[in-house]
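The data blocks that follow each hold one structure.
Each of the two complexes below includes chain A, the first together with chain B, the second together with chain C.
So, the complex of A and B:
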């Protein structure tokens, strides 16, 4: 049986009469790196705050490591790492002071601990700080955004969290620091049984490290599947006609379309190749071809506001 | 080690297929010879900074196409070509890919014999690299 370290059921949040998160049902198995993507204002941050119990849901519930988000005990929280958007740290502290402050929330690893054991791993923290070219005496307020992000990552990874939740951790970071961040994620996932949920607008990063993708749009989960499945199932097909293309397009999984004099371009989700061939034949298309898209194009097409009132959910197989 | 595999996120081609193609090309060119060991999944994943499952997926596809074999506990190795099956579906896919190249060639205004000559020329170069020694792997 698969163990889900993160589970939600009908998780919903209203701010006044504004619906921010709409009946989210999510299940994330242990060992998964899940990329959480959505446009600005789509409800990512609200969903993350609900998961961590920082906000109270209007309806529904969520569980982290088997414990309800609203009742997370200190013992459970020790096993969860959280990187907030913007990497806010206590500004007047030095790196050494903030390390001491943070480590007090965890038990110290015994000298006999093996790499990957639970508890504050001081050596790991200082190795990481050293790797980033930082030193103990530097004050947080004198660090650049990138350096603050690095300290924040080291603070979050040092207790060796079982579940790591990050809200747009690479926002505003330069390419080199972003790369180090991704290295940190891969390093963590190599340890058995670690699970990561992170949101990002940089789809190249998602493509590198995620094995699952969750797309949220206007508070609704629109896709929840393996990254590979998303890559293969969201496709663009161009039909060429000898006359003007038909007005009605009744292909299964149609997401959007564009037309010119004699061409019709459609975005499809999960449509079998045979169905495409069948439609081409029945609509009298002279020819058609599938056009490869990169993940960014797929995401943009997938969340394009194409006048669909009813958001449509594609269930992963 | 395996620095010759270069992946490009944001490409039209999924990352696992980029790995499949590059390993396939190295084998075709003889840069990887029969019995050569591919980097371990986790090692390649941390070098390329990608999800280990992506590498594992690429290796599975390479194995299914008979290019490599996995020996439990010791790793993934380039397979003996005489044991590689010639799958009809694979050959069809190859023919499909050729169509793309042919249409580009014809659109450039090349004649059939020019295209045939180019194919021959490239094939000879491939075989030459194959005989001309292996890629330094480390």
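So, the complex of A and C:
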């Protein structure tokens, strides 16, 4: 039987009369690396804060490592690593001080511990700090965004958490630091049985590490599948006509369309190739081709607002 | 262990405010005492006649009356500063997530904050008050020593600082709107202060401070446990 490390049931959150998260049902099995993607303001941070018990749901519930999010015990929190958006750490502390502060909430790993054992792994922390080229005397307030992200990652990974929840950890980081950050995550993935929920809107990062993708849009889960399935099923097809394209597009799985004089581009989800060929024939298309998209293009098309079927144009005065 | 780690962090964060309040109190208090000594020469009998039987009143009519106002201002100032530092700044800096996601109970985090503030108030205001009282009472400064009641009166003033600390903390924790109940904490502390000033006796004073502190502390604890971060 699959063990779910993270489960939600109808998780809903209103801020006043504004709906932030709408009936989220999620199940993340142990060992899964889940990319949690959405545009700005789509509800990612709210959902993560609900999961960690920082916010109270208006309706529904969630469980982490079998414990209700609203009643996470210290023992459960110890098994969950959390990287907050913006890597907000205690500014006046030095790296050595914050390491001491963080380690006080975990038991120190004995010298005989193997890699992957629970508890504060001091050696791992300092190795990571050395790798990032930081010094223990540096104050958090004097670190750049990227360096703060590195310290934050080292602090979170050193206790070897069973479940790692990261809220847009690569936001505002340059490509080199993002790569180092992802390498840190991959290091954790190498330890068996570790589960990661990784929110981001940088799709390249998700593509590199995730094996499951959850797309949230306006508080609603729009996709919850394997990354491979998402890559296969979201398609852009361009139909070429000898005359104007038909006004009605009755093709299965249609998500959006964009038309020009003699061309029609459609975004399809889960439509079989035979169905596409069938529609091309019935609609009188002279030709059609499936356009290759990277994950970012797929995500943008998948979450594009319904009315946005024309590119932005601007005419100089 | 976890509590002491949190307490140490909180004390470090209170330290600049504690040091500032203590420095102001010590500096102006000492200057005031020196000034009072000079004024007292030739005026000692008149001062003696102005003494009242009620504890706090001694402070207000004694040549060091300015000094009692200084203690009050320092205590309230420090109380407000600590309340803001501990319960507002984490909101502004976005560090609540890091603090609250500790493998410990929220009550422990809250208790560490309150204990750190109490220690800061006692060290910066209470102990300095003891020192300045002893200094004022030594024959080098005043011919007529201050009665014990006025010493306790100084601690009452320190207690007022604590009420303002709790009030400011409650305002910081409250997520209601400014024009609704958000300011209730400070309003309550102010009301306690007015109540206290209406009838200044030791028992009444201590009773008021104690009741006020218990009410505010309970409200803060309740808010902290159920707050969204």
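Here is the rule we use: the second predicted complex is superposed on the first by the 306 of 317 C-alpha atoms of A that agree within 3 Å, B and C clash if a C-alpha of one lies under 4 Å from a C-alpha of the other, contacts with A are read in each partner's own complex, and residues count from 1 in each chain.
By definition in this document, contacts are C-beta pairs under 8 Å (C-beta built on N, C-alpha and C of every residue); 3 or more make two chains touch, one makes a residue touch a chain.
Remember, it's a predicted structure, so these values are computed and weren't measured experimentally.
Check the residue A:269 against both partner chains and state whether it touches chain B (first), chain C (second), both, or neither.
neither
Where does A:149 make contact in the superposed view: on chain B (first), on chain C (second), on both, or on neither?
So A:149 meets neither chain B nor chain C here.
Looking at the overlay, does A:157 come into contact with chain B only (first), chain C only (second), both, or neither?
neither
With both complexes superposed on chain A, which partner does A:204 reach: first (chain B), second (chain C), both or neither?
first
A:186 contacts which: chain B (first), chain C (second), both, neither?
first
Would you tell me the residues on chain A in contact with chain B in one complex that are also in contact with chain C in the other?
In chain A, nothing is touched by chain B and also by chain C.
Can you list the chain A residues touching chain C in their complex?
49, 52, 54-56, 74-75, 77-78, 80, 82, 84, 86, 88-92, 101, 104-106
Which residues of chain B touch chain A once you look at their complex with the stated criterion?
Residues 9-16, 42, 45-46, 49-54, 57.
Of all residues in chain C, which touch chain A in the complex?
Within the complex, chain C contacts chain A at residues 1-2, 5, 9, 12-13, 93-98, 100-105, 226, 228-229.
Which residues of chain A touch chain B once you look at their complex with the stated criterion?
33, 179, 182-183, 186-187, 189-190, 203-205, 207-211, 228, 231-232, 292-296
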